[in-house]
């Protein structure tokens, strides 16, 4: 454990921290183009997310109270910590907890202002967390059941891809990914585009650089979640990456073809189908 | 041109406020978002939240009742920002100019950057107006820096 | 030396209690309280030193006269206690109390007169687990009594009492602390039982302290449920003595006892655990702890953090090696896991701050019981860690809520909006206390994480219970923190008037929370790991603290090593915005209210249709349709009752 901070690891960490948002930004650019094409539109340039990001950075820094920036930075930093833990192949369960911390930080930021929109958005985000958190944890448990270890490094030591032992867990993970990425039909804490009942929900009161940082964090999260998908096919890793990209495409498709559902229905669906399917998978691993 | 100035021109997010428009201009404004015109090509997104917006697109003439709301929305937008008055009513007050409750065009209340005349203006004209506003926005940012 | 220290630890609170009773003047009492607290701190420190010098186990044998007299005194006190219980039953006209007393008294008499148990030679054994409990009792306990000085003055001021009841209050508090200290040190099961009943009595007296109808009713319920546990306890003792022919706890609670599982021995263990369930308010016995909220805050802080409920889990954790790996252990884990889930779920629907805390306590105790039931080294480590962290954080939180309640006159979460403005000192401490209950790198989350990692191998049922429970905990804490943190731009922060005793107590506990979390690895290595090794439990996994983090099997199975990284991130998170603001201040804008804002900069007022000025009111979601107390309590109680019946079914 003492050798965890050697030169090679430090380089990996730096590369990951720099590369993750670039990849994430490109992916969301692709998302926007593909969504546009699905809607029979031409769509923005692929660099659009970066333009948005830099424009937001250059805006005036406005705020509703002095503390908002603290939460936004917390949101960002803990996502980065997750990425760092991922490339260092650390404990997967702890990564999920730290990821939760990152989300909670944003929720705190949204709740800290006296704005009805962002407060209700925050409450809804909490409900979303309540829905996806158990499934993410169950995914980790499933991985433990196959590898007998929580460390990501153990996944790379295992020759047999996780997908073969954890098909149902994989499916539920893709399912909660929609919730985690706040895509339709589960986009009720913040909507993608304009004029809806919650304005922008969670992010209503964040603007300028704060919003830029939230966007940046979103890219980190996207990369993190997609790499979690690719872990299911860690050997050879390129297959995993292709699977992750295919899943991402699926997410876009679902986003574009579905309407929003209510939180009650979401909780029911996620708990009954999501947890049910994941538990089924895990129980058969127990009996094996 | 720095990366921020360049990005500013590539990513105008608009908020659309309907003062007392007859909805003709609104329909044309929203037509810009449709696949036919697809303003997202230029990175234009209709955000509906002044705190995220760069460009305030106003349709219709200002009356005594909604002037407060218009001002509030403008105040809540972060700098640099621009105002585009879309349609005859927004530019001058139009046919409603002489009404007892009408203050007049948007210019009487806010510093308007671009006037898009017409009743109603075509979507192409509206898009052109917004793109013109971007140039002005960058100029404003420069002036403010100095 | 050891004996003297022991005597001080147990008898000093008793002496202070008597002093409090004699000297009824407030200033004298304050001095007594502070001096007692300081001596108890010193005693706890001495115990740490002594234990490390003696290699992890202090055995104190009472010989001849000392043994005889102590035994006699305890027996006499025991009978006096029961007579007092009967007296309470008669006075309150509750035949059930009298009945339960006789149910305990008759077996006790039969046991003492007919069976005549052999005396335990090693009357007191202090090992690492006892030491941890002693530290909790003698550090958090006195801090709460110090807090009580300021609090009770204010409390009685509100009640407009003619004659102060404070002497009585402090007497009971001290007796409580003394008996807790004794409870965790004694090695004699009979004596443990006596101190157990003393804590039951003390909690009854403290809960009913205000003397109004509701508090007496709730105190009676607490008494009834705990006496039910007491009946289980005495029956358990008799059964265990039948099999093992000894009352020595160290002989019973060890791995070798597993050999006796063919006999009636597991029934005895099950009965003792049942007693533990009632004491630590596991479902379906949770109602007494919720009712205990009517008592003054120091009482609830004491009951919830270091004493009373911790006595229950202490017994269950202590007995863990004796049922490790058996079906009994698995069912105990399910009892705990279910309590964790149900407690966390109901907490979501609560808007009363104290009730949220109470449900959270119940849930965390459930998790401790669950870990003890799993019983492998990782789980036991998690259980003991959680005992420590929960005691410190929850002690702090209760004191905070008590202070807030006196400050704003409400314990409703919704009324705590803008607390940052009115009570900045308390608000900051409360928030950090809450964060320590749910987020990394604080200890409670680490134990939760360990609990999940431990339950994976052993039981899928427990696994799903802990996972769902841990998702629920995030929700109710986050909602509450969000409310407290709500603030407008540059609000004029008002100075907060707090009495010195309250301020000191809060600060000390606050520092304790931070210190415990930062030093999780040393605490684990020095105190918990040796205890688990001493138990000689067989398990293929072990935890170790390396480089400030905890690692399972040296990092092969899992681990967490970034406690310091978190500290750095926290500091950067706070400093960057401060410096950015120094360089170029942010512009203030009111929240978005569809452009209908008034000139009010707080952003609360808006102009509603009809040009009226209205206020924005946003309440949290409580999801009471799903998680409502009235919906869930009956069903959870039924299920929990069924699980406990299954537990006994398994052992019979």
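Residue numbering begins at 1 within each chain, and the chains themselves are lettered A, B and C in the order written.
Basically, contacts are C-beta pairs under 8 Å (C-beta built on N, C-alpha and C of every residue); 3 or more make two chains touch, one makes a residue touch a chain.
Model, not experiment: these values are computed from the prediction.
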Original post:
Any idea whether A-C or B-C has more C-beta pairs in contact?
Top reply: A-C
Subject >> Greatest separation from chain C - chain, by CA centre >> reply: B
Subject >> Chain centre separation in whole Å, for chain C relative to chain A (CA means) >> reply: 36
**OP:** Averaging only over C-alpha atoms, locate the centres of chain B and chain C and give their separation in whole Å.
**Re:** 60
Original post:
Which chain C residues sit where two or more other chains touch them?
Top reply: 587, 589-590, 592
Subject >> Per-residue multi-chain contacts in chain A, two or more chains >> reply: 60-62, 199, 204-205
**OP:** Indicate the residues of chain B shared as contacts by at least two other chains.
**Re:** 49, 51, 76, 78
**OP:** Quick one: which bits of chain C touch chain A in the complex? Just the residue numbers, please.
**Re:** 417, 438-440, 445, 449, 452-453, 456, 460, 463-464, 467-468, 470-472, 474-475, 478-479, 481-483, 485-490, 546-547, 551-552, 554-562, 565-566, 569, 572-574, 576-577, 580-581, 584, 586-593, 602-604, 616, 618, 620-621, 623, 626
Original post:
In the complex formed with chain B, which residues of chain C make contact?
Top reply: 587, 589-590, 592, 594-597, 607
Subject >> Contact set on chain B toward chain C in their complex >> reply: 17, 49-51, 68-70, 72-73, 75-76, 78
Original post:
Considering the complex alone, what residue numbers of chain A touch chain B?
Top reply: 32, 36, 39-45, 47-48, 50-55, 57-62, 193-196, 199-200, 203-208, 211
Subject >> Contact footprint of chain A on chain B as seen in their complex >> reply: 3-8, 10-11, 13, 35, 38, 40-43, 45-49, 51-52, 54, 76, 78-80, 141
